[in-house]
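Here come two complexes built around chain A, the first alongside chain B, the second alongside chain C.
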Partner chain A sequence: MRAKFIEEKTVKALMYLSTAIVALAVVSILWTILSKGWGAMSWDMISKLPGGGFYIGKEGGFLNAIVGSLYIVGTSAVLGLLVSIPVVFYLNVYLRKSSRLGYAARLACDVLFGIPSIVYGAFGFALMIYFGMRASLGGGIVVVTLLIIPIFIRSMDEAARDFPREILDTAYSLGATRLQTIRVVLRQIAPGIATATLLSIGRAIGDAAGVMFTAGYTDSIPTSLSQPAATLPLAVFFQMTSPIKEVQNRAYAAAMVLTLIILVLSIGGRLIMNRFSKNKLS
Partner chain B sequence: MIFRPDHKFTHGAETSKMQIEGLNVHIAGQHILKEVNLIIPDKRITCVIGPSGCGKSTLLRSMNRLIDSVEGAHIEGKILIGEVNLIDSGEHLTELRRRIGLVSQKPCPLPMSIFENVAYGCQIHGIRNRRKLKMVVRHYLEAVGLWDEVCERLNAPATSLSLGQQQRLCLARSLAVEPQFILADEATSALDPIASRNVEELFVKLKNDYSIIMVTHTLRQARRIADYVVFMYLGELVEAGLASEVFDNPQHELTKKYLSGAFS
Partner chain C sequence: MKSLCIFKDRAAGGVMFFLTIASILVVGAMAVGLVVKSMPLLESRPLSELLFSSEWKPLRGEFGFFPFLAGTLWVTGIAIVLALPVSLLTAIYLVEYARRRVKSYVFPMLDILAGLPSVIYGVWGVLLIVPLAGYTLLTGGIVLGVMILPLLVSLLVEIFSAVPSSLRDASASLGATQWQSIKKVVLRKTSPGILAAVVLAISRALGETIAVLMVCGNLPEVPHSMMEAGYPLPALIANNYGEMLSLPLYEAALMFAALILFVVILLFNVTSRVILYRVEKKFAL
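Now for the complex of A and B:
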C-alpha cells in the first residue's frame, strides 16, 4: 500500500511540474516580449510605415508588416480551406475506409506536414525563378497556402474520421446524393474546421522562412499581387539583427503585435468554435 | 400531401407494394441473406422477427440499399417497387430512397436545428421557398405529435430534445420527403416505455398512409401492432403471413420454438 501511495504522490508531483514548466514558458515569453517591446510600442508603430529603412531606421512604424502578414495569411487561409474541404470530403464520404488511394493521400499529407517551411520557401523560389517572377505578395500567398494545406487536411480529417456513419445513412435514406450530404458533414465537423483554421493561421502568420524568398520585404504596402510584401516575422528578424538598440526594441514591439494577433485569434476562435459546436452530435 | 417533388421519375404506377425475389446478400464472403422471397403488403405493418444475427437488419438495409455502404457487401436478386428493381436502379437510386423512409434503432438527428432536421429532406429535393418549408415542417411535426412541444424552440439543436422526442423528430423528417414505405429498425428499443408506446401508436396511425416494415426484438410489440409477420432464422425466411395466423398457428417447427421462447 505504502509503495502505491508514494507512487501516486510522485506521479502527481511530476505532473504538476510539467504543467508548471509549460505555464512558466508561456509567462516568460510574454514577459520578455512585453517588457522589451512595450517601451518601443506606440500608436505610430502600428499605424505608420517605416521612416528610415527597415534595417537601420528608427522612424515610423511597421504597418507594412502588419498589413502584409494579414494579406498573406487571410488569403492563404481562404484558399487553403477551398482546397482542403473537398479533399477531406472526398476522403471521408466517397472513399471507403480501406481505400488505397485514401491511404496514399493521407501518407502524402503527413509527408508534406513534416517538410520544413524553408524547403517550401526554396521550392517556391525555384518556381518563381523558372517563371521569371520576382518576390511578390502573390508568391508568398501561394507558398503559405501550400504550407498550410496539409495542416488543414490532416486536422479536418481527424475530425471527419470520427464522423458517425449513421448521419450519412440518414441523409442517404432521405434521398440525398453523396454530394448533397456535404451540408450535414460540414455541420458535424464545423468545430474541427475551426480548429484546423486556427492551427493553420497560427502556423502561417508565424512563419518566416516560407515568405523570406517568396514575398520578399518592403517598406510599403503592396497594392497588387506582383509587388513584394513585408511580414511580421521578417520585421522581427531584420530589426533584431540590427546593431542599433532602438531598432532591436522595435523588433520586440513587432513580436508583441504578432503574439497579440495570435492570442486574439485563439481566444476569438474558441468563442466561435463553441457556437459552431452547438448542433454537433457527440 | 403538402408537396410533391417534381416527379421526373415515371417508372410504372405508384404503388406501395414491395416485392422481393431471390434476394441474396453476401458480406465479406459470408452468406447473410439466402434466397429471400417476400411481398410487403400495401399500407400495413409488417413485422420482421427472429433471433439476433438472423439477417433482419440486413434485410431492412437492403430495402433502401444502405447495405451498399457496408464494406464488402454484395447484393443480388430483385427488390421491386412497382416495375423498378431497386437493385439495379442506377441513377434512380436516390429518388427511390426518398420513397423509403428510415427510422433507426437509436434516434439519429442530423447536426442541425429542429427546424432544419425536418426541412433538410425537402431542401435537397428542391424546395427553397421559406414559407412552404415552414408549412411542411409544421405539418409533419404535428403529424408526429411534436409540434406543441417544440414550436417555441424550432431553432434549438435537435440534440436538445429527449430521446423519445428525437425519435419522433426522425420520423417527422422521414415523412417530410413523402415516402411510401417506412423502414423501422427496432425503432423503440432505445426509448423508455412511455416514449416507446407513443412511437408505437404513431406507427399504427401511420399505416393508413404508409407501408411500414418494422424489425423488432419484442414479440409482444409485434403481437400488438403487426398485420403481417415475417420470421427469419440464420438468413433464411422461415415463415411469413398474417400476424394472426403466424402467432396463433405457426406452421414451421422453428417458428413455434421461437414464439414459445425456446431461443431468442
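Now for the complex of A and C:
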C-alpha cells in the first residue's frame, strides 16, 4: 500500500478517536453529576429553605438558591431582550450592510462576549461600591443583564442577517416606514429570538463568578431588590467546599438540578432550531 | 399622519442608535473603571515589580503577581495543548468525513458541553480528575481543556465549512487522497482562521474562574511543574474579593488583577475576531 493511503487510514483513525474523546467527555460529565446527584436528591432539597444547623449537615434544602437564580435570570432575560431587540433591529434595518457603526457594534459584542464573567463581577462590584450599594438582588440582575446582552445581540443578529431583504422592500413599497417593518422582522426572526433567549438563560443561570460579589448569598428568599440573593451555582460551590458529607451531598443535588436545567434548555434550543430550518422560506 | 409616522421612525432610530452606541461604550467604561480602581497600586509601585515579583504578601504591602501569572499560563498552556489536537481532528472529521447521522449526534453533544456551567465542570473535576491527578495545575488544565473543546470545535467547523468545495474537488482530481487535500488545501487556506480560533480559545481559558478555583489548589507560589498546585489570576480575584476592604491597596491589587485579564483578553479577542471576519468575507465572495 502506498504511503498516502496509510496516512489517510491513520489520520482517519485519529479522527474517530478524537470524536470519541469528545463524546466520552460529555457522557462522563453527565454521568458523574447525575449519578452523584441522584443519590443525594430528595424532595426536601428543592422544596425547603435551609433550616437551623444547615451547614453542619442538619435539615433543609436549597429552595433559596433556586428562587434566587430564577429571579435573577428571569429579570435579566426580560431586560436583555428589551435592550437587544432594538439594537438588532437597528443594525439590520436602519444600517446598511457595509456600515462602519454596524461593524464596530458587532465587534464590540463579540469582544464583550469574550470578557470573562469575573471581570464583569469585579467591575460591577466596583460600581456598586461607588454608588454605595451592597451585594443585592438588584446588583446581581444588573451584572447578569450586562453579561447576557452581547449573547442576545449576536445570536439574534445571526438570525436577522439570514432573513430575506426583499420582504423589507415589499413593506417599503406599501408605504411602511422602517420602524413599521419591525413587526415583519420580529415575526421572521422569532425562532432566532427564542434560541437566543434560551442560550442567554443558560449562560445566566450557570454564571457564578459574576454574581459572587454582586448578588451575595443568603439563606432566605429576597423580598426586595436591595436584599442579597442566593444562586444555584454558588450553592454548589459553597457547599462543595464543606468537609461535612451531608452538606457536600446537597452540593451534588444542586449540581444535578443545574445540569438538568441546562439539558432542558439545550435540547429545547435544538428542537426550535430544527423546526425552524424545516419551515424556512427559500 | 404621514409626518407623524416619519417622526416616530426618526425618534425610534435615535433611541436605537443610542442603545447601539451604549453597547460599544460598555467596553470603554470597563477599561476606565478598572484603570481608575487600580490606580492607587499602579502609582505606588513600578509595573515591572508588580508583574515580575513573586512576593505576594498583602499584609506587608507586597504585591507580586508573578505566581498568579505563572499559574494562569500553566493551566491555559496545558488546556490548549490537550484540546487543540482533539478539536482539530474532530472538526475535520465533522466537516469532511462524517455522515449526517453522526453529525446529528455529535452537534447536540457539543451544545451540551458548551452550555454546562463552569461550576459543573468544577464538580466533575473534583470528583473524577482530582482523585487521579490531585489538586494541581494538571487537573486545572484538563478541566479547562474539556471546557474549551466545544468553543474550538464549533469555531473550526465554521471555518472549514466556509472553504468552497471546488477547491477540494480540484485537489482530488489531481489524485490526492482526502486527507492530502485537507492537509494541503483546507488547512493551508484556513490557517489564519485556525490561529484566530486558538487565540479565542486561549482567551476563554484565561478567564475561567470557578472550575479552576475548585481544582487547582490555590497556592500563591510560583509553580515549577504541572504536578504542583497553582493559583491562576481569576481564582485570586474570586477568592479574595469579599474580605479585601480592611487592607490598604488590596482592593486596588485585585482590580489590577482584573485589569490584566481584561487587557489581555480584549487584545486577543479584537485581533482574532477581526481575522475571523476577514476569513468569512474572503470565502463568501
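Note that the second predicted complex is superposed on the first by the 240 of 282 C-alpha atoms of A that agree within 3 Å, B and C clash if a C-alpha of one lies under 4 Å from a C-alpha of the other, contacts with A are read in each partner's own complex, and residues count from 1 in each chain.
Keep in mind that, in the parts below, a contact is a pair of C-beta atoms (placed from the backbone, for glycine too) under 8 Å apart; a residue touches a chain by one contact, two chains touch by 3 or more.
Keep in mind the model is a prediction, meaning the values are calculated, not measured.
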{"item": "Partner chain(s) touched by A:F213 [first = chain B, second = chain C, both, neither]", "value": "second"}
{"item": "Contacts of A:I244 with chain B and chain C, given as first, second, both or neither", "value": "neither"}
{"item": "Touching partner for A:S98 - first (chain B), second (chain C), both, neither", "value": "first"}
{"item": "A:V184 touches, of chain B and chain C: first, second, both or neither?", "value": "first"}
{"item": "Contacts of A:E166 with chain B and chain C, given as first, second, both or neither", "value": "first"}
{"item": "Partner chain(s) touched by A:I6 [first = chain B, second = chain C, both, neither]", "value": "neither"}
{"item": "Chain B versus chain C as contact partner of A:V264, first or second or both or neither", "value": "neither"}
{"item": "Interface residues of chain A shared between complexes with chain B and chain C", "value": "177, 180"}
{"item": "Complex contacts: residues of chain B adjacent to chain A", "value": "64, 66, 69, 71, 94-95, 97-102, 104, 106, 108-113, 120-121, 124-125, 157-159, 170, 173-174, 177, 183"}
{"item": "Of chain A, residues touching chain B in the complex", "value": "96-98, 164-177, 180, 183-184, 187-188, 278-282"}
{"item": "Parts of chain C lying in touch with chain A, wherever the complex brings them together", "value": "5-6, 8-9, 12-13, 15-17, 19-20, 23-24, 26-27, 30, 33-34, 37, 85-90, 92-94, 97-98, 102, 105-106, 108-113, 115-124, 126-128, 146, 149, 153, 176-180, 200, 203-204, 206-210, 214, 234, 237-238, 241-242, 254-255, 258, 261-262, 265-266, 268-270, 273-274, 277"}
{"item": "Chain C partner contacts - residues on chain A that touch it in the complex", "value": "4-5, 7-8, 11-12, 14-19, 21-23, 25-26, 28-30, 32-33, 36, 83, 86-87, 89-91, 94, 101, 103-105, 107-112, 114-119, 121-123, 125-127, 146, 149-150, 153, 177-180, 199, 202-203, 205-209, 212-213, 233-234, 236-237, 240-241, 251-252, 255, 258-259, 262-263, 265-267, 269-270"}
